[in-house]
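Below, chain A partners chain B and then partners chain C, in two separate complexes.
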Partner chain A sequence: MARRLRGREALTGYVFVLPAVALFAIMGLYTVGYGLALSFAQWNGFTPTWTWVGLGNYLDLIYRDPTIAPIVHGAALRTLVVMIAVPLLTVLVGFPLAVALNHITWLRSAYRTVFFLPQVTAGIALFYAWTYALQPDGSLNFILRHLGLGTIAQPQGWLGNPATALPTLIVVMVFSAVPVAMLLYLSGLQTLDAAVIDAARVDGAGGLRTMASIIWPLLLPITGAVTMLNLRNALQDFQTFLLMTNGGPGGHTLVLGLESYNLAFFSGFKPTLGLSSALGWILFLIALVLAFVNLRVLRSRA
Partner chain B sequence: MGTKRCGGRVLAVVAALAMVTTACGGGGGSGDGTTLSMWTFKQTHVKALEAAAAKFKAQTGITVNVTAYTPDDTFTSKVQSAAASHDVADVLEVHAAGEDRVLGGAGITSDLAADVNDQYKSRFLKGTADTGLITEQVYQDSLKPKATDPGVHTGQLLSIPFTAGTFGVVYANKDKLTAAGVDASKAPASWQELISWLKATHDKDAQNGGITIGLKSSSTGLDWALEPLAFALLGPQDFHALYGTDKAKAWGSPNGQRVLEQYNQLTPYWTPGTQTLGIDDADRAFAQGKAAFDIGGTFTISAIQQNGLNPDKILAFPIPVPEAGVVKDFKLAPFALTGLAVSAQTPNRDAALKWLDFLTQPAQAGAFAQAALDLPGTDLGADAEKLVGPYLSSMEAAFGTGDSAWNPGDSTFKGPSWDIQAAGDILVKMTPLKELDPAATNQQLAVYNTSVHSGN
Partner chain C sequence: MKARVLVYAMLTAYALISLYPFLLMVSGALKDSKEILLDGHLIPSNPTLATLAHTWNELHFFTYFGNSLIVTGFTTVGVLLVYSLAGYAFAVLRFPGRRLLYGMFVALLFVPGVTMLLPVVILQQKLGLIGTFPGIILPFVNGTAPLSIMLLTNSFRAVPAELKESARCDGAGELRTFWSIYLPVGRPALITIALLTAVPTWNEYVLTRVSLNDASRYTLPLALQNLNSSTAPQENVLMAASLIIVIPVIILFVLLQRYFVNGLQGAVKG
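The block that comes next holds the complex of A and B.
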């Protein structure tokens, strides 16, 4: 049973806890509350007063404002594509690589260097490196041409063609996400009970069968975590899109996160901070539902 | 004893935090009128401003610390957060005819009307002196829903011009023109001739002989190229009507179709991937010889030079008039691009006003122009060529005022929620992406224009 603190001991405890509580209150509760209140107002970030509009911002975003709703609808569709593609590809690439890394020990150092490089590189540098590599005269087109695959090279650059821009950004996001997925899978693989795998082998299961029927199901909670992590990132990411395409070409890579950023900081001083905040809350609610579904699925698996 | 010691520690922590907070608040000046802080969003202005600050200190003993926050949206959010913590710099270089009103209306910058009389104003280029003035029309517009500048009052002067210039300036690489058999000694006589030049340079070198503009910000195609072309083709009244509510003349009409068909002639000649380049990237690509033409404004020449291309190698001219154009003597109206504003929170107002006065005196304005390769808002008169150098002064031939001059600073005829980015995205789908033909683009712009007006 916990002992109740008294007197000086209690005061010391409170003093130690106070900074954390104060920081949380200022950085967490205050800003969240501020953001929520802002979503019910019109404000350009400068004027001393807000104009309260109730649920107006939410309605404008969803259907009511003819200049904003169609843009939001397009962005929502693209965000959905990213939310499906990024987690799926991250699992499809990360899991086999983690298995390989777990088995081919002599390659582990090289693997680590190559696949963890994105994690130790500054994000902005990584995005610019990708951007230059994907230009019409960038290294990707150069390599393809020298491999005799010039027909695949993109004359307008991989980010300049509407057909390839979004898929290319998805590949970049997957490239950044795979190391963490690998790390999670690797830790899962190294903590698996060897007796279970040995038993499967004794029963005559081959490598693939063991992988499909034993290892993969045992690692499902990690798959759930990887999926959830990447779903959230895919839903909220805007920096990849801002830095690499700014939503272009012609709005073909505009996603909800970037639209929220544009409404907040790039709206030509129009009073759209509230719209941005409302869009942020919509994204948060979607993330909350996804997290809930994910938890339910994991719990049912367990 | 123990409690006292504990309380003492808490006090020490609080005191230390207070000191850190105070030390971090470095936006404003000293408060004794001897040190000023100035923020700008133009990196290319910093060195020139620092050189001016050195002279200013020698004259007055006042130190000016200049800081650039780029790009524009970073500057905006910096001012936004600093205003909330009462830590705005003493002097701000702001976007004229827009940002100055927003900041003034919000009470972040102060009214200069009492400090800038008519004699003071007479030093500025004609038509620019009152850019920061809140006229009755501006005030009435500020009362509309979703206005960007609520809080302004008629008669306020919220900034004075600092740099002036215009959009719609085409830069061509003389060496590439000559190599393609084009006479690089004078500007093309018409839009059609420009297209023929483009064809020549593109035929000579398809990869590096095109035109660039930095369409990663899709609005550049619209307001730096299409709008001056549309103005020259249709004349001022029909140009304004494109953005109005009369469907017979607005986007979607035959006039819109004519403009888009002319603009679409650029499609085969865009530099590969120009839709992925930012404005600075496009200037860099041109300076590096990856494009034969670059579209920008008067301010572009400094970026090109900074990227290593000798201005002697550049032919600069305004977007040329189409052969069937209504405005035969087409000019570009210079307008105040940036202005100088004084913080409403500064304890150094007198010193800040002295700095504004110093920066906008003809001699200093000329020195700034030479250093930054950007045109000042100050009228340099007969000494212009001597003061700003040959490259900037040659551009002044393209300037004009009146009915035949396109004024990119005038957006009064557009719906208040017209978003050049959204419209620019539609235009980019026509050229260079070729996803829409001119007719479909015309229809999409019509739908957007109608929605802008219905959302008023």
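The block that comes next holds the complex of A and C.
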């Protein structure tokens, strides 16, 4: 009797997960498997057959192909810069904002709503607004000139100058990452034991001292989560780059994700689809390693 | 007291940065085709509503609004239906292989979007779904699987077992228990997932761009982009169009923001 009941429960379980699993099998497993297989082949998307090249695509990307490898190296370096700068700046901006928000009651939810607006706004509309602000006769240059900072205004626009294009994109990415970071810190601050903070106060610790030696260490797990989230986004993001600069000027904002996208969708009938897949898999592997390291670090701390 | 002033100054400064893109949209939309070419000052010298009116007509807002509504609506309903069933199974039912299946869905979290993009488009072609709504709705639904399943499984696990037992005693079957006990209790999680699905789907750009080839099926972000590429309009038109497409989402957000905020916190924590 018990066994029959358990059998029925198992059957119900399978029936309930069936839609999700079926969709996953087609949209997830099939596509991931297809991408993996394609990464070992050469294909232009039009010929009926693939040419198998084994690990050739990976080797070409990493060092062998004299045209593609240098591009990948440059893109990897830029991706690395983005992966360092974005999480760091996001924490540096998000943490103080959360502390400030937690400090006030009057207008708190109004500020939070305003901070969060960019998060729910269509990326493409935001990007048009930024592009408009950053052009040569755009609003940012105008504001700088009126603040007497005309010397740092960019005559060729912030995205047109190779020296400022990547830093500008990093700032835009940080801008979209800050709301979520701030929200996480805010929820962390609200769950902190108020007694701990009061005790520090009574012991004569000032605001900054309490912050540095009590609150910040207690919120380290949240910093870990924010860092991980942004590392992943920085590694994988290509929409920002596609929309704002499309890798320009002169390839100075080309990152790995965008290069993979270009190889897949702007191959110009050249057999680069396998290369694109291989690059996508390299990104996937880096993401897995990051996740693994993150898990180990979190575990060793706990 | 001094600290308080400093705190408000800091918050206001960042609030201004947050509002800056929207100020640009409003300012640009109020400029005419001559003034937009001048320096990037924020306050238009002779504000006009002509740009907004002209852009409104060019954009065919309601056509694309309808498309966005179809795509977002079906995606959201699909996500709620498919993953609440799965979440119930993972949280409540015992069956061999459920840990493995659960882990499989979570692993999907680490696959970069760009890695899936090309295979998804090729699959759409093979299934004859390229350029159709189902062709983008299916991958959208699947794309939310990790987050939705994790959130729903967690929230269903929190339901007290006594509730289920008493339903059993009343002779309720599995589907009945799911429908009349678990779904109502899990409502906050369901609302959260609906929002976390609907907003990104509404705003999605890359997959729709590479797979929708027929302009009559464009969603609003594509309509905005189309406006830019087809008639090479000026910045004032682009700002007006951006403003038009972001307003509905902003209204929705302001109305439902507490679900958003709680949901996002829960989502990233869980």
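Criterion: the second predicted complex is superposed on the first by the 284 of 302 C-alpha atoms of A that agree within 3 Å, B and C clash if a C-alpha of one lies under 4 Å from a C-alpha of the other, contacts with A are read in each partner's own complex, and residues count from 1 in each chain.
Simple rule for what comes next: a contact is a pair of C-beta atoms (placed from the backbone, for glycine too) under 8 Å apart; a residue touches a chain by one contact, two chains touch by 3 or more.
Just so we're clear, the structure is a prediction, and the values are computed from it rather than from any experiment.
In the superposition on chain A, contact of A:12 is made with both chain B and chain C. In the overlay built on the shared chain, the residue A:265 is in contact with chain B and with chain C.
Touch criterion met: A:277 reaches chain C, while chain B stays clear of it.
Touch criterion met: A:48 reaches chain B, while chain C stays clear of it. Looking at the superposition, the partner that touches the larger set of chain A residues, chain B or chain C, turns out to be C.
Of the two partner chains, chain B is the only one that A:249 touches; chain C does not reach it. When the two structures are aligned on the shared chain, A:160 is found in touch with chain B, with no touch to chain C.
Residue contacts after overlaying the shared chain place A:66 against chain B, while chain C stays out of touching range.
In the overlay built on the shared chain, the residue A:217 is in contact with neither chain B nor chain C. In the superposition on chain A, contact of A:150 is made with neither chain B nor chain C.
According to the touch criterion, the shared surface of chain A, contacted by chain B in one complex and chain C in the other, consists of residues 11-12, 19, 135, 137, 265.
Residues 3-4, 7-8, 10-11, 14-15, 17-22, 24-25, 27-28, 37-42, 81-83, 85-86, 88-90, 93-96, 98, 101, 104-105, 108, 110-120, 122-123, 138-139, 141-142, 145, 149, 174, 178, 199, 202-203, 205-206, 210, 220-221, 224-225, 228, 235, 238-239, 241-243, 245-246, 249-250, 252-254, 257, 260-261, 264-265, 268-269 of chain C are the ones that touch chain A when the two sit in their complex. Those residues of chain A lying in contact with chain B across their complex are 8, 11-12, 15, 19, 42, 44-48, 65-67, 71, 131, 134-137, 155-157, 159-160, 162, 245-251, 262, 265-271. Against chain C, in their complex, chain A makes its touches with residues 6, 9-14, 16-17, 19-21, 23-24, 26-28, 30-32, 34-35, 38, 93, 96-97, 100-101, 103-104, 109, 111-118, 120-126, 128-130, 132-133, 135, 137-143, 175, 178, 180, 183-184, 187, 207, 225, 229, 232, 235-236, 238-239, 242-243, 257, 260-261, 264-265, 273, 276-277, 280-281, 283-284, 287-288, 291.
Chain B makes touch with chain A in their complex at residues 2-3, 6, 9-10, 13, 73, 76-77, 80, 83, 98-99, 102-103, 105-108, 146, 148-151, 207, 215-218, 272-276, 278, 290, 417, 419, 421-422, 425-426, 428-429, 432-433, 435, 448, 451-452, 454-455.
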